Each structure stands twice: as structure tokens, then as C-alpha cells.
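Shared chain: chain A. Partners: chain B in the first complex, chain C in the second.
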Partner chain A sequence: MGGPIAGLFRWLNDVHGLNFSVFTDAYDAHRFLIGLRTTIGLSLSCMVFSIILGLLGAWLLSGPSRLARAAVRFYVQAFRNTPPLVQLVFFYFAIGSLLSGAREPLIGGYGWAVISFSLLAGAFNVEIFRSGVEAVPPTMVEAAQGLGFSRLQTYRYVLAPLGLRICLPALTNNLVNLVKTTTLAYAIGVPELLYAASQIWSEVLNVREMMYVLLATYIALVAILVWIMERWERALRIPGYTP
Partner chain B sequence: MTHLSVLCKPRRLPAIRAPLAWPGLPVGVALAFVASVAWAQAGAAVRPGPIEAILRWGPLIFGGFLFNVLTSVLSMTVGTALGAPLGLLLIAPGRLPRGISWAVTQFFRNAPWLVLLFYVMFLLPFELHVGGVTIPLPDWAKAVLGLSLPVAANVAEIVRGALQSIPEPQWSAAAGLAFGRLQTIRLIILPQAIRRMLPPWMNLYAILTMATTLISIVGIQDGLTITRAAISSDARPEMMLPLYLFLLLLFFVYCYPIARATLALERRLLVRG
Partner chain C sequence: MRDVEKSFGAVPVLRGVSLTVHRGETVCIIGPSGSGKSTLLRCINGLVPITAGSITVAGREVNDPKLDPLALRRDVGIVFQQYNLFPHRTALQNIMMAPVHVLGQDRASVETRARALLAKVRLTDKADGFPGELSGGQQQRVAIARALAMNPKVMLFDEVTAALDPETKKEVLVTIQELAGEGMTCILVTHEMGFARRVADQVFFTDGGVLVEEGPPEQVLDAPREARTRDFLDKIL
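For the complex of A and B:
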């Protein structure tokens, strides 16, 4: 690998013995980038599914069916009060072994990680969306009804837009936690960032350097996510209205 | 630095944990567990079924789970001891201590717990030499320390948030009565703020307890390790479902009451204003 960056890290290795092989060695860089791509892909798919689950759950909680409400409450409490790692292992090994009748497993490690983390983050999202909608002042709903809005219209034009603005900070927090949780996929051998880094450091024996690269990468990922969410929050802000 | 600057605003968290009370929930969980056991039992007419498996391995798994609980108590103690002064530094009058403590807090709050655990496990020596004294650092002690780092950063944020939530006139009144800064915090602000710290602190403890299973990844025997060992020693893959559910149930039974108590406390604080 060439370029000034590789040169800098080669100098660090020659002079100070700090082997940042992901910047100087093409093979290690490739492995690390695959890990980075897997982590980003895993995070994005879990974000999408968990938000869908959260909306669905919040919608069912405000619905008329007692059974549906009880089911959602059970789901939320079960996933919030048990260890995420045991959930993942449970899905991957216990449920996974039930589903694989043939020699080929039906769902791979990546698939189970998406399912497990989506369900986990979704349980938190249910609570976040529900409390967002509930935090909209009842006078708003009354005003909408007074203007002749139907139930669906009230939801579509008043409750959802205001509720979203109220719950965005909490949603950001949960999505940050989700990105951090994707490291658990290491335990079932999904080649994400931590897994890629551990492969590199066990071959090149540069644990300390890889740790710094790893921590810096995760901090950067979280920072980018927070930056995007805060920009969105600012873009959605209604001038003069504080929820 | 532009990326990190977005982290400087502390994330505002509205009180999102409003009541989701359903007293019948533990019963529901227990029923689901019994149903799964019965289901697995049905297919095990000849060989010992899941009830035997749980009777045989349950006490061992429970012992492992107790180690998780012990780890969580130790990590919470260390984390709180480290985090409380860090939280005080976050609102220190000087720019330098505030900046440094802010950077430390953000770093440990935003790094994944598992990566921090790896970091401490791999990069701390197995013994420390302080002066002429050698302090051994066994793996479990390193794991406790590794888990207490993110805890400390979260405790610092809790302390900062609670201290800043006390209305400004309290500070001014204390200053008017010639209290020093530390006196004001110790005698006037902290007694009021501690009540507000308790619910998020308990919430953090529940999260930590669930995170202690991570130590099984770095090779320490905990509840999860023992569950996996029990499954593989029997070579009975169909026992996975009841045994993992048993472990999940242990954590649920421990963490759910904490969540309920947190809610109850929050509601009481809300009523009092």
C-alpha cells in the first residue's frame, strides 16, 4: 500500500514499533473494510426492522384488541429484561437448530443477528414511540377533532408528526445502543468489525494497535450517526414550537 | 474533531419509561417456560426429558448466574466510585477539568461494552507492581474493571444530569449564604439530586447485570458458559431450548422487579414534582 498515510504508519512501525497493519498491509485493510461493511450493513438493517417493529407495537398498544396489547407488553418486557447476548445465543443455537431440518441451516449467523438485534431494539422502540405519541398535548387532538379531522387524519397530520419530534432524542439514543450491540455478533462468528479485528490481532499480534483502531472506528460510527440524527432533528424543528 | 463535536450536546432524554404495568407478566413468562418444557418433554419418551435436564443442570446454572450477579454488584460499586467524581468534574468551574472529563465520559459511553471488555482483558497485565508490592490481577478482577468503565461514564452522566436539574436559585441562595462551591454541592444540591439519580442508576444496574454475560466471551465461567457446557456435555441439541429459556428466566426474574421498582420510584418523584 502506498500513499502518505501508509507511509506515516510504516514510519510508526519502523521507529516506534507500533504496527497499525490495517493501514500498511493491503490484506489486513481488506479484511478490516469487510468487517466495517458488515457492521454498517448489520446496523442499518436492524435500524429499519426495529423501527418497523416499534411503530407496529406502538400502533397495537393504542388499538382496541386486549390480546394484541398483552402480546406487545409481553414482547417488550421479555426483551428488555433479559441479556441481549443470551437472546442472540438462544436464537442462533436453540431456535436455529429447530429450524434446520436439512444439512444446510435455514438462516445463517448474520440473519440471526439481524433478527435478534431488531427484536431487541424494536422492544425499546415500542416504548419510545408510544411515549412520544402520548406526550402530545391532548388539546392538540381536541383541536384537530374540532376541525373535523377523522381518527386516522388526526393520527396522520397531528399525532405522528408531533410525536416523532418529541421522541427523536430517545430514538437516537436507542440507535446508538444498537450500533454498539452489533459487536455481540462476534459471539456467533459473524465477520463484523470486532471479529475482523480479532482475526487480525491474533495473526499479526498487534492487539494494542488494533484496539485503538477499533475504538476510534466505533466512536466515529456513533458520532456520524448522532450527527445525522441531530441534523434531522434540527430540520424537523418547528419554529416557535417547543413540545 | 467535527464528528466528535456533535457529541458535545448531552443527549436530552425525555422521561420515556412511562408505565407499562402488567402484573400478570411474570405469570405469562412462567407459563411460556412451562409450555416449552412440556413441548420438549413430549418428544422424549425414552431418554430423560427436559425436566430431568433442568433438575440436573439447574443448580449449576443457578450458581453461574449468581456469579453474574456478584460481578454486577462489584462492577456497579467500582463504576459508581469512579463515575461520581467524574460527574462532579463535568460541572466543574474550570474549563480544563470540564473538557477532559467530558472527553473521557463521551469516549467510554460511546464505545461498545464488549470492545472495552476486550481492551481491559488483553491489555492489562496479570499482575501489577506498585513499589515493591505485587498485586495479582486475576481474570475476573479484570472483567469487573472492564465492565465498570462504561458504567462509570454512565454514572457520571447521571450525576451531571441530576445536579444540573436542581434549579439555579438553589445555587444562588447558597452563594448568598456564603457557602463554598463544595459546601453547596455537599449540603444543598446533592441531598436533593440523589433522589433524582436513583431511578436512572437502578436502570443502569439492570443493564449492567444483563451485560455481565459478556464475560463468557472472554473466557470467564458465568451462567451462560455453564449453560453451554451443560448442553454440550449431554450432546442433546433439543435440550437447548429449555436450558437457555431457564437462563433467560433467571435474568428476567432478577431484572424485571428492578425495572418495576424504577418505574414506581420515577412515578413517585413525578408526583412530588
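For the complex of A and C:
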């Protein structure tokens, strides 16, 4: 690899014995970028699915069906009260082995990671959205009903937009946790960042250097996420209104 | 409205209220706090289900189990003491939401009507203001326009001036008075005795969940027959 950056890291290796091979070796760089792409893809998919699950769960919790409410509460308890790594391993080995296709498994490691982390973050999102919806003054519901809004319309046009603004900081927290939790997919061999880094350091024997790179990468990823969420929060701010 | 009763748990709030409001009339319901005035109003559009009795609004039985409560509320507009505008939408959007989403009307024609309603309540220049940027009186007039946008047959006003200072009170009362003058059926829960005297066709005095006295304002307010009405009026005037 050429360029001034590769040159700098080559100099670090030659003079100080710090081997940042992801910047100097094309093969390692490639492996690391695949890891980065996998982590980002995994995180984004899980964010989308977990937010959908959260909205759906909060909607059912505010609904009239006792069965639906009990089911949502059971789901939240099940995923909040068990360790995420155990959940992932359970899905991959216990459920995955039941669903084996003819040749290869129906759902691979990446698929199970998406399912497992989405359900986990979704359970927390249910509680987050519920807290937001419940913080909307009941007078808003009365006003919407007085105008003939149905329950779904009240939720969609009044409760969800107002509740979202209230619970956005909590949602940001949960999504940050989700990004970091994706490293658990390492345990079932999904080639995300931690997996890629460990592959590199076990061959190149540069554990400390790869740790620096790994930590810096996560700091950057989470910083970007938080920046986007804060911009969103600012964009949603209502002139003259404090919730 | 016949023999209407309402209890919250074991607490009776309305204990057999019967009253009739004719089309195009403006009536005021007065009475001490906790006498069930606001509950009575919310029974009319089904926001509060009644325990016993019957209410008929524009040919609809409110407590008929087959009634579509949403259809009823399209015919009955309600304005609240605390305005209850949707804070995340502008004044214009607040007025447009229900006709667009509930009635499924065409956005462009709703906007034309919404702007006309804003002009009617003299807030043309506030169309793009958010509720948090408007004064209490302005918010309340937007709330009236929002209810009117559904073309209701009846308008309910629940102490709509109670949270306003005397100056802004007037702009809201003038708006309601104009509405009454145009023949809208208006039912107000209010403490504005001067307004009741000027505008109301009938005044109902409620106390302890029953209708104590009813009649034209000059009779109920100036020459009450019942001791309880006299007591109440003596206290507030």
C-alpha cells in the first residue's frame, strides 16, 4: 500500500515497532473494511427492525386487547431479563439447528445476529416508546378524539410524533448500545469488526495495535450515530414548545 | 337529553339530568365547580360514556351501542379550557388535520377552507405560527377554527375563557358570539355571566349533579326562583 498514511504507519513500525497492519497491508485492510461494512450493515438493519418492533409493541400496550398486552409484556421481560450473548447463542445453536435446510442452514450467522439483536433492542424500544407515549398529556388524546380521530389516527398523528420527541434521548442511548452489542456476533463467527480484528491480530500478532484501531473505530461509529440523532432531535424541535 | 346519569366508580356525578337544546340555540350551563358541568358536556359527544339515560344529538342516540362514536364526534365540535392544540403542528395544520385525515377530504380544498376560518377568527397572519408562539386567546381562536373545520352541527365550549386574561377573553367571546349569531348550535359551560346574559337563549344552572333551574337568562340570572341558584349567583357577583 502506498500514500502518505501508509508511509506514516510504515515508519511507526520500523522505528517504534508498532505494527498497524490494516494501514500498511492491503490484505489486512481489505479484511478490516469487510468487518466495518458488516458492523454498519448489521447495526442499521437492527436499528430499523428494533424501531418497528418498539412502535408496534408500544401501540399494542396502549390497546384494548389484554392478550396482546400480555404478549408484549412477556416479550419485553424475556429479552430484558436474559443476557444478550445467551440470546444470540440460543438462536444460533438451539433454534438454528431446528431450521436446517437441505444443504446449508436456512438462516446463517448474520441472519441470526440481525434477528437476535433486533428483538433485544426492540424490547427496550417498546419500553422507551411507551414512556414517551405515556408522557403526552391526556388532553391531547381528548382533543384528537373530540375531532373524530380513530385510535390509530390518534397514535399516528398525535401520540407518536409527540412521544417520539420526548423519548428521543432514551432512544439514542439504546441505539448506541445496539451498535456496541453487535460485537457479540463474533461469538457465532459473523465477520464483523471484532472478528476481523481478531483474525488479523492472531496472524500478525499485533493485538495491542489492533485494539487501538478497534476502539477508535467504535468511538467514531458511535460519535457519528450520536451526531445524527442530535441533529434529528434539533430538527424535531417545536418553536415555542417545551415538552 | 333525558334522565342522564353518570358515575365515576361509586361517585355519582350526574344524577338524572334532562334538558333540551333546540337547533340554532345558544345555551349556557352554569354552576359551582364539581357540579358536573364539564362531564355533562363530554357526555354529549361521547367522550364520557353515560351510566344511564339517553342523549340524542342531531338524530343520533349517543349511548346506542351500535353508534359509531367517531361519526358522532364529526357532528359535534368541542373546544377545551386549555386549548389543547397539537403543539407540533402550525395553526393552519391544526385546522387541516381532522378534515384531511378523518374525513379524507382533498388537501387543497381543506387549505382554502382553513385559511377562510383563520380569517374568520382574525388570525390570517398566524397561519404558520406554532401554538407555542401564540397567545392564549389566539390559541383558543385557532381551537375554535379547528373544531369548525369539521362543519359540526353542534359546538361545545368547556370553560373556554377560564384560562385567559380579561382582554384576550373578549376576543374569544366575540368569536363565539358571532358564531351564535350565524345560527350555530352552541352549548357553553361558562362562568361568564355577562356573556350568558347577552348571548344565551337559555341558561341551565346545575348543582350536585342535578339541573336545578333553567330558563331565559333574564329569569335565571336576574330573578332566580330557586334558593340554590340565588346562593350561587350571590357568591360570584
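Everything below uses one rule, namely that the second predicted complex is superposed on the first by the 230 of 243 C-alpha atoms of A that agree within 3 Å, B and C clash if a C-alpha of one lies under 4 Å from a C-alpha of the other, contacts with A are read in each partner's own complex, and residues count from 1 in each chain.
Note that a contact is a pair of C-beta atoms (placed from the backbone, for glycine too) under 8 Å apart; a residue touches a chain by one contact, two chains touch by 3 or more.
Note that the structure is a prediction, hence the values are computed from the model and not measured.
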item	value
Touched partner set for A:207, first chain B, second chain C, both or neither	first
Dominant toucher of chain A (residue count), chain B or chain C	B
Partner chain(s) touched by A:180 [first = chain B, second = chain C, both, neither]	first
First, second, both or neither for A:215, with chain B first and chain C second	first
Partner chain(s) touched by A:128 [first = chain B, second = chain C, both, neither]	first
Contacts of A:162 with chain B and chain C, given as first, second, both or neither	second
Partner chain in contact with A:52 - chain B first, chain C second, else both or neither	neither
Touched partner set for A:73, first chain B, second chain C, both or neither	first
Chain C partner contacts - residues on chain A that touch it in the complex	139-140, 142-150, 153, 157-158, 161-162, 165, 238-242
Chain B residues touching chain A - in the complex, by the definition given at the top	3-4, 6-7, 9, 11-18, 20, 22, 24-25, 28-29, 107, 110-116, 118-119, 122-123, 206, 210-214, 216-217, 224, 228, 231, 237-238, 240-241, 244-245, 247-248, 251-252, 255-256, 259
Contacting residues of chain C [partner chain A, same complex]	45, 47, 70-71, 73-74, 77-78, 80, 82, 84-88, 97-98, 101-103, 130-134, 146-147, 150
Contact set on chain A toward chain B in their complex	70, 73-74, 76-78, 80-87, 89-90, 93-95, 97-98, 127-128, 130-132, 134-135, 166-167, 169-170, 172-173, 176, 179-184, 186-187, 194, 198, 207-208, 211, 214-215, 218-220, 222-224, 226-227, 230
